[in-house]
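Multiple structures follow.
The following pair of complexes shares a single chain, chain A, combined with chain B in the former and chain C in the latter.
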Partner chain A sequence: MKYSYYPGCTLKTKAKDLDTYARISAKALGFELEEIEEWQCCGGVYPLGTDEIASKLSSVRALNDAKEKEQDLVTLCSACHHVIKRVNDDMKNVGDIRTRANNYMQLEEPYAGETTVLHFLEILRDRIGFDVLKKKVVNPLKGRAIGAYYGCLLLRPSEVLAFDNPENPTIIEDFIRAIGGTPVIYPYRNECCGGYISLKEPQAAQNMTDRIMDSAASFGADSLITACPLCLYNLNMSKSGSKLPVQYFTELLAEALGLIDKNEEVQAS
Partner chain B sequence: MQRIGVFVCHCGSNISATVDVEKVAQMSLLEPGVVHAEDYQYMCSEAGQARITEAVKEKKLTGIVVCSCSPRMHETTFRNAAERAGINPYMVEIANIREHCSWIHKNIEEGTEKAIILARAAIAKVTLNAPLKPGESRVTKRALVIGGGIAGIQTALDIAEAGYEVDIVEKTPSIGGRMSQLDKTFPTLDCSACILTPKMVEASAHDKINIYTYSEVDQVSGFVGDFTVDIRKKARSINMDKCTGCGVCSEKCPSKKISSEFNRGLGKRSAVYTPFAQAIPNVPVIDRENCIKFKTGKCGICEKVCQAGAVDYTQEDEIITEKYGAIVVATGFDTIKLDDFDEYAYNQSKDVITSLELERVMNAAGPTKGHLERLSDGKAPKNMVFIQCVGSRDVTCRGKVYCSKICCMYTAKHAMLIRDKYPDVNVTVFYIDVRTPGKNFDEFYRRAVEEYGVNYVKGQVGKVAPQANGQLLVQAVDLLDNKQILMEADMVVLATAIEPEAGVRKIATMLTASIDTNNFLTEAHPKLRPVESPTAGVFLSGVCQGPKDIPETVAQAGSAAVKAIGLLAKEKLMTNPCTAKSDELLCNGCSTCANVCPYGAITYEDREVNDHGIREVRRIAVVNNALCQGCGACTVTCPSGAMDLQGFSNRQIIAEVDAICR
Partner chain C sequence: MSHGKSQTQKMKEITGVDPYKCMKCGKCSATCPLFNEMDIKPHQFVSYVLNEDIDALVNSKSLWKCLSCFACIERCPRNVKPGKLIDGARQLVVRQRGADYLTPEDIPERLDPELPQQLLVSAFRRYRR
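Up next is the complex of A and B:
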């Protein structure tokens, strides 16, 4: 099975781990991530202005590229996923945005939201199946108490993202179980990490990440996993006394599938 | 040729602001048959009606068109006026130029043009009207009340006191309803059971009241004054005549771990049970889904211990068919499910409960024997947080858009009772608005704040986070202080929105009673006929019609009873003469009409007909005028055009359409 893959800027720079481990895990699980050619930055933030069209176009290009290849479009970074999924929803359901974006795009056939956008986790859950994943695990993460950190971008607005219950999500916990770890459920797993406010008001963001860290640690987590580079950055800035290590979920996936050593060779070569 | 008079109403400025009423009258005069046209400020007033009767006499009118509000509002008024003037009331047609025209148009030219067209259509129709005479139908002097809560009990008592027989059908094993689950009632803080149970006893002891508990309405047919209802008496597995209510069966029942509905899942009950000690009737029910005897065939302990020999495992559902003149719906409410509100951690923490659950916790007969304690560890709480509008006034599609109306008052009650009994417990209430209209209601809320020191904070709660140490962290905002709040609480109580009882839509469908998108039954008129359903003979009592508290429910219950009594007191009812009629020369006996008739009003007869000199016996559709409600389904389905609706004949409808399209 081949999917169109939109990595996004951060996965080429600061968040290489998120990307690399996803690619080798995908191969081991029997699907291929085919990177879209000449993809452009998603913008990082979904533009809420209804007359803001230009900054949505990079998403539309990626979506249309996948459409032309008749493939589903896969993302990894929470921010990219959020932007592309919402732009896709606009192209499907908001006539004005669709018309104006297509006026810019000058495509042979106008794009109208035909592509299915999937997060890598959704492939694991809905296409591979966590039960199948569990059988492919060679190195179960026994004894690891792992807290899922969702952040907000994957979950909200829930009617568009349609990812999981925004107040009580379970997909990452189910993933942790599938790779042999023990999920730690703590109430702050779906609270905002502060996002970009960490640049302007670092203290405000730090208060938020401290609360997340303290909550996860108090429920017995020994590490956190996330799908979002910005969340990972902010969580790492926490000065909480109970600071936990934070990893991308794909790294744990690769570890459970027994690919970590091979990966180092891949990176070396 | 008919002599038609047209009367155009201004309805104050309701119509005249967007319709040139004088022009409508002038233009009507140009229509064939119209010999009189005038406009007047309030046609429905006494003076307006007098103008109609005078014109009938002076101009010798044979047909009347009133251009006014919806016929649902004043058709009867103008028909009566016509009758007083000496012409058949069915020679009146209403052109609805208010709801269908002036209220929905802003431009006076457009509005006037449309009003003229609507008047023209009504004139075309009345030209073809023929006098009709209503028939008569009997009234069965017996009422059915669906639901045995305080609304149903009060309605039944009031009807019975007027001397009519009443049956109450209650789906649970006992009457009493939600009120029986409450601890205290606002604004007087008297004990709910103390004021309810005497009424329950009165109802059960009343010789005119017959109570079917553990029963449901299965089927309804007929019409106002003459309903036929099938009541399903579910198999109780206990012989009600033999049972003494000693309770030994429940005590000895080995299957004891079943979640108690009466205690909102906070306590346990056995498989053979009465929901609560003061239940009426005091006869248990065997819950067959959880009974070991019914599941495995073994056990039978209750039968062995029953001294009265009342246990009967072979009992089956029984259908009772009864006739009624009036039906009162009093099906009540439940709290909404909170599965979509996980930010309040209701499903995650035992210490987050609904207000109705708190009623059980605070009740001496409840799961904690009335002690205020955390359900997770039984510890006494020090800090309690109440969250109002959980699912009420909610525009996110998770809850209800309406205000549940009772929550502000019961939350003030809970807060006050807790501060009174446990003065060392801090109580904080988060609210959007505090709404306490009602006699002695605002005074009550102010007592909570001023005398009992309840801390009211304006602001919504964003999250209730269960902590590892068992505490709940409440994250909120104080809108008046513009501050974020983080507050530790031992218990959180959610003022959960209420919604109509789940089965009400099914009942409304059986009764052909209208129901809104929130499953509240619709009134015949929101202001002037608030306890009547638009379906004749069906009345509304209690929360099934809209959120209301106990005093309001009791008032409405009495009002519904009065309406039912007014109906039952009549010897005969006039039937609607606008019924279907089959033309025996055109009918080919195909049965299509009988298949679509929702009232079972069409039967077939073999009848001798004379078709252009050919005499033969044919199978012909015959309409029972007493059963026909004039819905017109048969007339549109009849392939040979034999069915016609009197007063709304195919010719009349086509004439209207032609007039509109002219």
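Up next is the complex of A and C:
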């Protein structure tokens, strides 16, 4: 199975691990991520203004590219996923945005939200199946108490993202179980890390990630996983006494699938 | 407030929000992670729009505290979406020439080796036109 793949700016630079481990894991699980040629940055945040069209076009281009290849569009970064999924919803359901975006695009056939947007985790859950994934695990992460950090962008607003229950999600916990770890459910797993405020007000973000770390640690987690490079950055800025290591979920996936040299990892840690 | 009326109209156009639907339950403010740092609280935004006092909103600190975490939008029982109102007021500011909250000159001193590109593009999208 071949999917169109939108990596986004940060997966080519500071978050290469999120990308690399996803690609090798996909191959091991029997699907291919075919990177969209000449993709453009999604902008990081969804433009909320109903009259903002130009800032949505990079998403429309990626969506239309996947449509022309008759492939589903896969994302990994929470922010890219959020933006592209919401723009796709606009193109499908908001006539004014659809008309004006297509006026810019001048495509042979107008784009009207035909592409299915999937997060990599949704492929694991809905296309591969966590039961099948579990059978492919050669190096189960036994004894690891892992907290899923969802953050905001994968879950909200749920009427558009339709990713999981926004208040009581289970997809990452089910993923952790499938790779042999023990999920730790803690109250702050879907509370904001501070997002872009860390640029101008790092202290505000740090206060928020301190609370997340304290919450996860007090419920017994020994590490956290995320799908978002900005969440990872902000979480790593925490100065909490109970600060936990944070990894991308794809790194744990690759480890469980036996794709990371264990000795090398032990040396590295 | 000579531009009050037109500002209110612009705000409604940008956000598509109907402030009359608000029933003042306060859930948006209760759930806002930066409630303590906001001078105008999320549940009060609606009143300012109804009173056509957009100037107070565009001069508030709250515009630059909102994280776009969508907690208030998700949890609003009346689909009023206070976060969209805050963004509408922010748009009214950054769409004026020279009113950017973040400029490229601000960046060099804020860079650190781990800082992800995502943070820069997100902040620029929210803080400037």
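Note that the second predicted complex is superposed on the first by the 261 of 269 C-alpha atoms of A that agree within 3 Å, B and C clash if a C-alpha of one lies under 4 Å from a C-alpha of the other, contacts with A are read in each partner's own complex, and residues count from 1 in each chain.
In this text, contacts are C-beta pairs under 8 Å (C-beta built on N, C-alpha and C of every residue); 3 or more make two chains touch, one makes a residue touch a chain.
Just so it is clear, the model here is predicted, and its values are computed rather than measured.
Of the two partner chains placed by superposition, only chain C is touched by A:Ala79; chain B is not.
Once the two complexes are laid over each other on the shared chain, residue contacts for A:Glu68 go to neither chain B nor chain C.
When the two structures are aligned on the shared chain, A:Glu191 is found in touch with chain B and with chain C. Look at A:Asn165: by the touch rule set out above, it reaches chain B but stays clear of chain C. After overlaying the two complexes on the shared chain, residue contacts for A:Tyr233 are found with chain C alone; chain B is out of touch. Touching more residues of chain A than its counterpart among chain B and chain C is C. Counting contacts by the rule stated earlier, residues 191 of chain A appear in both its interface with chain B and its interface with chain C. Residue ranges on chain A touching chain B, taken from their complex, read 165, 167-168, 186-188, 191, 215, 218-220. Chain B makes touch with chain A in their complex at residues 340-343, 345, 347-348, 463, 465-469, 473. Listed in rising order, the residues of chain C touching chain A in the complex are 13-16, 33-34, 37, 64-65, 67-71, 73-74, 83-84, 87-88, 91, 101-102, 106, 110, 114-123, 125-127. Chain A meets chain C in the complex at residues 8-10, 13-15, 41, 43-51, 55, 77, 79, 152-153, 155-158, 166, 191-192, 194-200, 204, 208, 228-230, 232-233, 236.
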